[in-house]
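Multiple structures follow.
After this come two complexes, each holding chain A, first together with chain B and then together with chain C.
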Partner chain A sequence: MSVNAAVLAAIAPLMAFFVTLILTRKRPWLSAGISVGAVSISTVCAVFLLFRHWEMTEPVLYTSTWMVSGAISIPLGIMLDPLSLLMLVIVGGICLLVQIYSIGYMEGDPGFSRYFTFMSLFAWAMITMTISPTMLQLYVFWELVGLSSYLLIGFWYEKFSAGQAGKKAFVMTRLGDVAFLIGILLVLVHAGNLNIVEINSLGPSETMSPLIITLAVLLIFGGIIGKSAQFPLLTWLPDAMEGPTPVSALLHSATMVAAGVFLFARLFPFFSLTPTAMALCLAIGTVSMLLASTMAMVSRDIKQVWAYSTISQLGYMIMGLAAGGYVAGVFHLTTHAVFKALLFLCSGVFIHALHTNDMFDIAKSSGRRMKIPVICLIIAGAALAGLPPFSGFFSKELILAKLAALDNPIWLIFALAGVFLTAYYTFRLIFIILFPKPGPSDADSTSIAADEAERHDVKPHPIRQTMATPLIILAAITLVLGFFEDPVERFLSATVTESLSASGMHHGWPAFMALGLSVAGVLLALIEFGLPKSRQIGFAERMPFVYNLFSKRWYIDHVYRYFIDYVIDRGVAKICARNDKKVIDKSIDTFCDGIVESSRFLSFLHAGMIQYRLIVVFATLFFLSLYLLLG
Partner chain B sequence: MIVPFSHVMILSGIVFLMGVFCAVARRNLIMILLGLEIMLNAASIAFVGGSLHFHLMEGQVFALFIIAAAAAEVSVGLALFVCVYRRTGSLDPGIGE
Partner chain C sequence: MDMQYANFPYLSTLLIVCIAGLFTILFLPGREQNKIKWVGVVFSGITMVISIFLFIAYDKNIGGLQFVERVLWVPSLGIYYFNGADGFNLPMLLLTGIVFFTGVLSMWELDTRVKEFFALYFLMVTGVFGLFMSLDLFFIFVWYDVSLFPMYLLIAVWGSTRKEYGAMKLTLYLLAGSALILPAILYIVNVSGLKTFDLLALMAPGTLTPLQQKFAFIFIYIGFGILAGVWPFHTWSPVGHVAAPTSVSMVHAGVLMKIGAFGVLRVGIFLCPEGWRYFAPLMAVLATVGIVYGAFVGLTQKDLKYVIGYSSVSHMGIVGLGLSTLTVEGLNGAVYQMFAHGIMTALFFSSVGYIYDKTHTKMIPELGGLSRIIPVAAFYFILAALTSIGVPGLASFWGELVVFIACFKVYPVLGVLSICGLVVTALFMLRVVQKTCYGPPKEHHTHIRDISFAIGVPRMILSVVIIFFGLFPSFMFDMIETASSSFFKGLP
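Right after this comes the complex of A and B.
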């Protein structure tokens, strides 16, 4: 029964993908209906499975052999444990809401049908990835997730930058995936098995020395870095904004980037075997979290702010997991998926109605008149900033408690700094939209913006029902999800051993400190952007050096560009070209020339001189007899 | 057998090589024919020596046949050479080049 439901949840979007791909390209509404219907089936199955297995202690496993190679057998199947069930519900629910929202958002787009085809593919890949019982199956669908996000980021492929952004996302995540694949192979070679349950129950043995385990964990973490846009592969995510906004909502909440953190949680017992690798993961999470927060402080693009905040929240999750907080990381993944989807969908409403991504333009076009998105934006922003009673507060507090339990207080300090910055940039955006005023930097464009504002005042764009409903549902979930902390914790820790899931102290001083800091961040944002007299220039923007550093993304892209230009293009590529020309081409040329020359030399046999033929006959006879004698 | 069999075979080999050299290196059709004869003689020596060594009479029979074949070959060959010389005025094998 459970297996059937899980198979149905995985197969329905695949069916929708094929049907919409082949049969209904010319009928966009039918495509949308099929796609949404399929995801609804998946969601219903997921919720059913969650309730059915709420009290589970043992994971449900169903596998059949896919292929056998020597001693290694690779099964294909389904594994249902608390983590995959929770993830299944998140993925299904968010996909469903985003697809419903997309019906309104994408209406009239020439690629409407194609859009839903890709969405179905995305849903299928992600759902099947969450229930994979083996690393190989997980890897296959991991790559499919990457492919479908490439297709969706570059959805408006007529736009050059969209195509570029899609390629960038694909190539950068591939970079991590190569490491991931090598890590999988390392595990396969040394453990002889790719079963996730068995990998998680591995211990240091003669086949897996601690060094090998550390290496494998670090390589697999490379895949997580790529997928979850952690330092140093974080620059693809802000560029992924080129896709339609609902795609960003999906990408940033439940699917693409969540896959990385999901993998971390999936292999959490295996990762915990090596404190060295965990320390490195912690450091990378921290660095990404801080870098992305600072980038978000100076961005004017509303979607980019949320993209940076995604990176920083993913950094939080990685920090939480790396600090040993399995439940903390997964719970933050859950709450983040909901409120980040909500943030993007709200921004999508503004962008759809006002045709601009710039938050100052949105403010001037009186975006605040749109009641539902503004209220939802504030709710989601408060959750992101970690204000009670919204869901983000509870999950962040869990992570902070885990970090406070560490020996080294530096991680907690960084995390608290991140809390402050998060609150600041979130409410910077909200206050800018709520309290529009002509800023000094936009003096030249004021008149145009005013015209636009007037036009919108005359004819306010009505928000569609299909777009408003998902917002309200998500906002409601954001409001209540935090209070489900204890049940979720109990559910998740059912199959993980007690020592890993003990969640440290509750409601300790880090929580109050975090609350104080986020309130301070909100207040600073209020002073700089919210008050009538404030000039809407942040403290980071007043320092040109810092501003440049932040807005150029710490020059990470420049470093990459420089590296590619000077090391790859002019170094490695040049050597390769030389090798190609001087070694490969030359050897083949020499060989061919040799053949031509020797043929020319031998061609005199053809001229009718009988003695030369005699020589050849004798030589042949000689060598033949030699062969007979020796052979 | 006073002379060892291996010496007979070595002699036969040397004579054969001399015949080969003669047939390959000389630029005269008669000398080429001579080379062929020498090679046939080398074969005869080998046959006779072998016949003595293995106590079989077939070797000597072969030697007689070889002499007969060589005589026929020389008569036909020399007739051809006379014909060639009358037509071209030369006995150089490279004349066609």
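Right after this comes the complex of A and C.
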């Protein structure tokens, strides 16, 4: 029964993918219906499974063979344990809501049908990845998740930047995936098995040396860095907003980037075998979290701010997990999925209605008159900033408590700094939209007049029902999810050994400190952006050097650009191409020319000239006599 | 007379159908182009059906050689007309059948010297079929040359972009290969003292001393390796691909390069396992260099067909890497990759052929926005590109994965290097896709009509095969496994 439901959950979107790909290309509404229907089936199955196994103690396992080749066997199966069940519900639910929202958002787009085809592919890949019982299956679907992101980010392929962003996302995550694959192979060679349950048992520590384990963990973490856009592979995610906004909502919440953190949680016991690697993971999470927060402080693009905040929140999750907080990391993943999807969907409403991504333009076009998205935006923003009673507060506190329990206080300090920055940049955006002013960018009166004229033209049309409903549902979940902390914790720790799941003290002093810092961040944002007299210039923007550094993403992209241009394109690739033409091919051609030339020389001897013949006769006699004399 | 017929001679029928098609075309008047094309479609269709039938009818539980036909042909020299099918050559026969049929369909719009083209095309494919099914060294050599010579004319007459140069280069290169193979074959037959060209008889352990095996193997490896695009003997292949007309490129990259790898396997590895073991590290190194190097050179190319040509070098490196691991998995992966790569490049060249026909250019900077103008044709192209990147769910992925796993156990460093080559492949393939299919459409191309259903059929067949074996790889792996595991059991 459980297995059947899980299979159904995975198969339904696949069927929708093929049907919409082949049969209903010319009937967009039918495609949308099939796709939404399929993902609803998956969601219903997921919720059913969650309730059925709420009290589970042993994971449900089912495997069949996909492929056997010699000693390599790749099973295709299902593993239902608390983590995968929880993830299944998140993925199914968010996919469903985003698809419903997309019906309104994408209406009239020439690629409407194609959009839902890709969405189904995405849902299939992510759902099947979630329930993978072995690493190889997980890797296969992990790659498919990457593929679907590529297709969706570059959905508006006629825009140059969209194609570029899709490519960047694919290649950057590919870079991480290569490390991931090598890590898997390392485990396979040394432990002989890629079954997740067995990797997570104490098996590997007996067959693998600590060094190999550390190496394997770090390589697998490479895949997580790529997928979850952590330092140094973080720049693809902000660019990925070139896709339609609902895609960003999906990508940033429950699917693509969540896959990385999910993998960390999936292999959590295995990762815990090596403290060295965990420390490095902690550092990378921290660096990503801080870098992305600073970038978010100076961005004018509403989607970009949320993209940076995704990176920083993912950094939090990684920090939490790396600090040993299994429940903390997974719970933050859950709450984040909901409120981040909400943030993007709200922004999508503004972008759809006002045709701009710029938060100052949205403010000027009276974006605040749109009641539902503004209220939802504030709720989600408060959750992101970690204000009670919204869900983000509870999950972030769990992580902070874990960090406080570490010996080194530096991580907690960084995390608290992150809390402050998060609250600041979130409410900077909210206040800019709520309190429009003649901004610093267009101080001259002419442009204001022009804007004024424009403002009367653009009247935000009423929000569509298909778009409003998902917003309200998500906002409601954001409001209540935090209070489910205890049940979720009990559920998650059912199958994990005690030592790993025991969370630190709850809502102790770090919680109050974090709350204080959040409020401080909100206040600072209020002073700089919200008050009637404020000039809406942030403190970071006043320092040109810092502003440049932040807005240019710490020049990380420049380094990559330089690397691709000068090392790959004009370096190795050019050398190889030249070598091919000038050395390998040339030597063959020269060899052939040599044969032709020598034949030509020989043919002279047959030109009928008596002199040449005599030379040949003499030479022959000479060599013959030499041969006879010496031989 | 020594004769063995297991049952109906399906394999010979395959050859006879090809030859019958060839003669039917020859007897038709050259001006009746449509009739000739239909004859081509019917006869190549029959071969495809037979090859699919053979693939399904092969009994995997029994394994070994099936559909055997063995006739002593020249008693004094010990030459047999000896055909048989096993897990190694059935995928190749299937590949040839599919590429042959889709190749004929892809040339539907040809209008110059149609009769001669299809006659030569049939002759070439006859040689390919013969080589894959033959188990007699003499016949293997003969079929090898039969499949090569038509290629020269096909490229030189119907080709494009420096066609005489490309054709000449290709032919000379491959003849050099056959000049290495022939002495090796004669050497093996002579030193064995068995007075037979029968491959199975020569395979018996102890026929050749290890030293003799090493000596013969290196000749066979390089001889056939030239055809398989082994680095550094690969430069004929991109030039040849570029110069050849669409369906010839398809057969050339899709099937002919596999002849090379298959020859290394069937003649080199089967007859000289000691030589294989001895030279395996060398093979692995050359293969890895090919994988990485091919990808990097592909990065700089401006011509669509050159890009595919170099990606072929890179992908055939994966085949070589699989062959060099000395494991069952490696052989499985290599043969699977041969099949997958064949279908994939056929799809690639078929789509590029359409694009070139319509836009009259295959230079990447002159193309753009094809997804808007001709969405279906662009879809096939993108599918082929994704297959070559190694996206799961598409055929190539499994071959690559299995080869990498096998390789990682035997040569960890080379394995890591070739896995890293994947990133470069992804980079250049996506670049090409972005520059040709994405972006705003070029204005002078906007009038182009999208691929019609009928013209799209060959691409459709190839796409279905790619997706089918991407989702159900075990059909192919089980088949190959029967041959590779019994081959390893038979090794001393």
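We adopt the following convention: the second predicted complex is superposed on the first by the 545 of 631 C-alpha atoms of A that agree within 3 Å, B and C clash if a C-alpha of one lies under 4 Å from a C-alpha of the other, contacts with A are read in each partner's own complex, and residues count from 1 in each chain.
Convention: a residue touches a chain if its C-beta (ideal position, glycine included) is under 8 Å from a C-beta of that chain, and two chains touch if they have at least 3 such contacts.
The structure displayed is predicted, hence computed values, not measured ones.
S.K.: With the two complexes superposed on chain A, say which partner A:Ile610 touches: chain B (first), chain C (second), both, or neither.
M.R.: A:Ile610: touches chain B, not chain C.
S.K.: Report for A:Phe491: first if it touches chain B alone, second if chain C alone, otherwise both or neither.
M.R.: neither
S.K.: Check the residue A:Phe618 against both partner chains and state whether it touches chain B (first), chain C (second), both, or neither.
M.R.: A:Phe618: touches chain B, not chain C.
S.K.: Between chain B (first) and chain C (second), which, if any, makes contact with A:Val572: first, second, both or neither?
M.R.: second
S.K.: A:Ile588 contacts which: chain B (first), chain C (second), both, neither?
M.R.: second
S.K.: Applying the document's definition of touch, where does A:Phe122 land relative to chain B and chain C: first, second, both, or neither?
M.R.: neither
S.K.: Report the partner of chain A that touches more of its residues: chain B or chain C.
M.R.: Of chain B and chain C, the partner in contact with more residues of chain A is C.
S.K.: Touching A:Leu175, do we find chain B (first), chain C (second), both, or neither?
M.R.: In the superposition, A:Leu175 touches chain C alone.
S.K.: Write out the stretch or stretches of chain A touching chain C in their complex.
M.R.: By the definition above, chain A touches chain C via 65-72, 136, 140-141, 143-144, 147, 150, 154, 157-158, 160, 162-164, 166-167, 170-171, 174-175, 178, 181-182, 185-186, 188-189, 568-569, 572-574, 576-577, 580, 584-585, 588, 592.
S.K.: Which part of chain C faces chain A closely enough to touch in the complex?
M.R.: Checking each residue of chain C against chain A gives 172-173, 232, 235, 293, 296-297, 299-301, 327-329, 332-333, 336, 369, 371-372, 386, 391-393, 397-398, 401-402, 404-406, 408-409, 412, 415-416, 419-420, 422-424, 426-427, 430-431, 434, 437-441, 473-474, 477-478, 480-481, 484-485.
S.K.: Along chain A, where are the residues that touch chain B in the complex?
M.R.: 607-611, 614-615, 618
S.K.: Quick one: in the complex, what on chain B touches chain A?
M.R.: Where chain B meets chain A, its residues are 20, 23-25, 27, 32, 93-94, 96-97.
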